[in-house]
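Shared chain: chain A. Partners: chain B in the first complex, chain C in the second.
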Partner chain A sequence: MQQLTLSVFQPGVLISLAVIGVGLALLLRWTLQGREVDRRVIFAFIFVSVATPVLFPITFEVKATPIAKALFEKIESLPEGTKVMISYDFDPAMAPEVLPMANAVVRHCFQKNHKLVFIAIWATGQSLLNQTLQQVVAVEFPEKQQGIDWCNLGYKAGNEGVMNVIVTNLKKMFPTDVNSTPLEQIEILEGIQSCRDFALIVSLGGGQPGPKEWILYVGDPGNVPIGAGTAAVSAPQLYAYYPKQLIGLLGGVKGAAEYEFELMQKYERFKSVDAPGIRMMGPQTLAHVVIIAFIMLGNVAYLRTRRKKGGAA
Partner chain B sequence: MSRLAIIVTICVVVLFLGSWIFKALQAQDAGVDHYLLRGFLVTCSAFLTLAILSFLYKDNPIYKFAEHLYVGISAGYWMSQGFWSTIVGNLIPRLSQSLSGFFKQPYNAGEWMGGFFYTNWVFYVPVIFGVLLLMRLSSKYGWISRWALAFIVGTTAGLQFIRYMRSDFIEQISSTFVPLLVDWQGIGHFFSNLSLSATGQLVAMVSNWIIFLGVLCGLIYFFFSKEHTGLFGKASRFGIWILMVTFGASFGYTVMGRVSLLVGRITFLFRDWLGITS
Partner chain C sequence: MKRQIPLVLVLIFGLFMVIQYFIPHESSEWIYEYLLDWITIIGVFALVLGIWSLFKVNYDKISQRKPDRGYSLVLLISLFATMFFGFFAKVDGSWGLHFSTADGLQSYMYRHAYEYIIRPIQSTIFSLLAFFIASAAYRAFRARNVLASLLLAAALIVMLRFNPYLGPLGDYISEAANWLLNVPNLAAKRAIVIGIGLGMVATALKVILGIERSYMGKG
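Moving on to the complex of A and B:
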């Protein structure tokens, strides 16, 4: 669904293709000569194919797929002031993929004036949530006040156990927010008894517990709409839940790029903000081209070896 | 320690100090308050990234150091977060008013039920189980921890069984019941919106047939009570193709995930550490 909108003659594309093309031609020659290719050569290629577009950026226009658009449309369709819960269930290893989509979803929700309640089921999610609060909320939405427009309930240990409790009673597991303020004193949480009182829960993660557990423990038993943003590794197993149990899914950096693109298309102000998801699609594409080329080279080498063995027999 | 190892260690230390000073000066120019700390953290992150990536060349002590540091810090981080969020945040405010005051947490007073049962007494159960779990540290009384473990295993198995039965079994079977024939509204309507997004009738119908046949043939592949020959064998063959496509999609997504991580680290090295991109 991607479309290369800018010219092929942009410097990033030309330099990347030149470097990778020369290297691949060399490898093809080695392969045809029947020489063994060291695995470190492959690593070097992947490094070059990723590093070159980082140094000389390549831009792609990414068209949103229906599954990503469904989450965007859901947030778009909620009336102003709707209470949405966003759960940060990821760690720094997943952050390059999941943090861009988290930031995009937060931007979208605040643009629509929704009220956000942040929680973390992963201990590392807490510090990554702080990054969103400092780099997105404080900078782009300084008018949004803690306790009125958003609140941070913080991390709670217990994995699925936490979800199993908060689907019926939020206060039991989160008696206070991250600043030790009792929940009764937080304006945004007025009328919120459990997760069932949220119009939407967005789980951003990729491990366990993650979006799947939110569906199993909160979405299905509590009849709460669940949206998810997940690391690419976990995306395939979540597709089965769409559209009945999962209203939309952002899979990997491609999902993040799709959401950022939709946001830019809809709201002019977001055209000037950093879009790491879209930025990362350049290196992604080139790395995939190199991997496909390696798979083809590997098959050429295999067929050559088989023919030689057949000839010898 | 060999001469090469000493030279490598000295080079790494000198480079680290050089980078620290350089980044600290940069941070000072940018008006960062704790510029020394900032310089140290950026340099640390960069060197640890390179240390981990050095494994791609071959296993080495620098990689081992970074790996052990990661494991240790992760374990410590999760443990401290668990202590502050759950023991201090949830347990202490329900057990002791004075301790709640000490940790600056609002005391959560319980209620008397029927005049003889105080609701907060329930929270002594996890305390006791927690202590039982710690008995694993004793070689003589380690067996006591099995009581707590049995509770954890039993509860988790029970909870998971119900949730999986509902969401992964019943709901998933229900999701497989998709309309295989369309509501005919004319040939023009049938062939409209021919995109892979399955918004048109034809593509939606093909998509539904793939789901139906994919599930059926996938199940047939795992049915071993009948020999896979004839029509049954062909269905089984189709099932394995569906499985292969699924594995391929998973592999593709995994590659995308791993490349994303590499992009993230390279962007950090080039932008935040070396400052050669904006």
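Moving on to the complex of A and C:
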């Protein structure tokens, strides 16, 4: 089954293809004439291929891959009121890829009435977590109460050291939440001694520490299921842990789009919310087309040069 | 003694950390957590040392009027301004110490430094990658020999799997890409991970047994 489908008869698709097609045809002619393509021309093409679908949006239908669907199904299958930990381990550089999946996972968990405990192992994760709380939780789930339905334990310095401790003792690293409320006074944390008491931990990030460290320091020793969302560049490294040590993985913009699409298919209310993952598939796909075209042009130029050299010899 | 005491300490703590992993007892976990506290404390000292080193290198550059000292000045101003707004905030009209509190994290300057400086800078640098990848792909991804051709074909298939413009051909490409990711990629990745793991064990043993001593510096 094809994972992505789109109707070609959309203004965005037609304009993008026309602009890029004409440009690439001209470049092919240059290449056949033996002229090297200047890198500024390549930069201009990438700019156009990303900007055009932003100005003329392209809509896709995205089917989830088994690895992304596994995370969706896991959250779907947990009984109501299950306690889930979500760790924001990323920075603004990764945010365009990882924040949409973070928001989608939070939406899904709250839709299923799970209880969420947020933490950040990256200093930059704290502010991005606030963004989710302000733009998703406060707006779409105003009935969810801090301390009862969710709590924010904030950022803790120490990287893998933090994970090493919270796998056996959560309070030791997080004696209070971000509002300085002692953990004992937070209702949602009743009965939670360590990470082992969570039914699922979702690590969102693509660097170190990130999902891999959550698997090594918490998932494996604590026997806790770990799900992950990561930037596209880090995704292939995590495939090795799926499906036993990593129950599911969302990789890059595509992973975010897959999760958003699954959410829309399952729950009517999410059809009207913003889906940046799906929206960003247009610019990403077109940029891929341009990169592929340039690789082919590069090879045409290379084969031409080689043939010329062979002929001369 | 100067060399022997660190070697003995490394041997004792190294062996303890190996053995405690296999002892699922409360006392073992307590000692382990106690040692992790030490790591945090040492980490804090390392941070202070790092900030001092950063300050000294850049201060020397400015005081000796070296070229590009302007960048050092910007770095030092940014460093101390961020630190200041991390510790102090204006809450209810008055300035005070609000380090790592909810008020401190939500303070105007701290939040805006993140939202309007760090965030756009990081996003810009990361997004520039797309331009460089395209340019590098054009110049480097060439079918020079069999291995390069295989790499080229694999890269094209994996990139095309995201592409809906291919119509029904997309199904086959998607299947081929999934096979590439799940079979050769996974096999190579697992081999690398296991290899790195074995290498780490060997290095750790060399350090614990005192064969590898470069961490103590010269002398």
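In this text, the second predicted complex is superposed on the first by the 307 of 313 C-alpha atoms of A that agree within 3 Å, B and C clash if a C-alpha of one lies under 4 Å from a C-alpha of the other, contacts with A are read in each partner's own complex, and residues count from 1 in each chain.
FYI, a residue touches a chain if its C-beta (ideal position, glycine included) is under 8 Å from a C-beta of that chain, and two chains touch if they have at least 3 such contacts.
Source: prediction; values computed, not measured.
Mind working out whether A:K309 is in touch with chain B, chain C, both or neither, as first, second, both or neither?
It touches nothing on chain B or chain C.
Give one of first, second, both or neither to describe whether A:F45 is in contact with chain B, with chain C, with both, or with none.
Touch status of A:F45: second partner only.
Between chain B (first) and chain C (second), which does A:L216 come into contact with in this model arrangement: first, second, both, or neither?
A:L216 contacts chain B only, not chain C.
Could you say whether A:I295 touches chain B, chain C, both of them, or neither, answering first, second, both or neither?
After superposing on A, A:I295 lies in contact with chain C but is clear of chain B.
Chain A residues touched by both chain B and chain C?
43, 46-47, 50, 65, 93, 95-96, 124, 126, 154, 157-158, 161, 164, 180, 236, 240, 254, 284, 287-288, 291
Could you pull out which chain A residues touch chain B in their complex?
Going through chain A, the ones touching chain B are 40, 43, 46-47, 50-51, 54-55, 65-66, 93, 95-97, 123-124, 126, 154-158, 160-161, 164, 173, 175-176, 180, 182, 215-217, 219-221, 231-233, 235-236, 240-241, 244-245, 251-254, 280, 283-284, 287-288, 291.
Any idea which chain C residues touch chain A in the complex?
The touching residues are 29, 33, 36, 39-40, 43, 100-102, 105, 111, 114-115, 118-120, 122-123, 125-127, 130-131, 133-135, 137-139, 141-144, 152, 155-156, 159-165, 168, 170-171, 174, 178, 181-182, 185-186, 189-190, 193.
How about chain A: which of its residues touch chain C in the complex?
Checking each residue of chain A against chain C gives 1-6, 8, 17, 37, 39, 42-43, 45-47, 50, 60, 65, 91-96, 124, 126-127, 130, 154, 157-158, 161, 164-165, 168-169, 172, 178-180, 236-237, 239-240, 254, 281, 284-285, 287-292, 294-295, 297-299, 302-303.
Which chain B residues qualify as touching chain A in the complex?
It comes out as residues 56-57, 77-78, 81-82, 85-86, 89-90, 93, 104-106, 108, 156, 159-160, 163-164, 166-168, 171-172, 174-175, 197-199, 246, 249-250, 253-257, 259-267, 270, 276-277.
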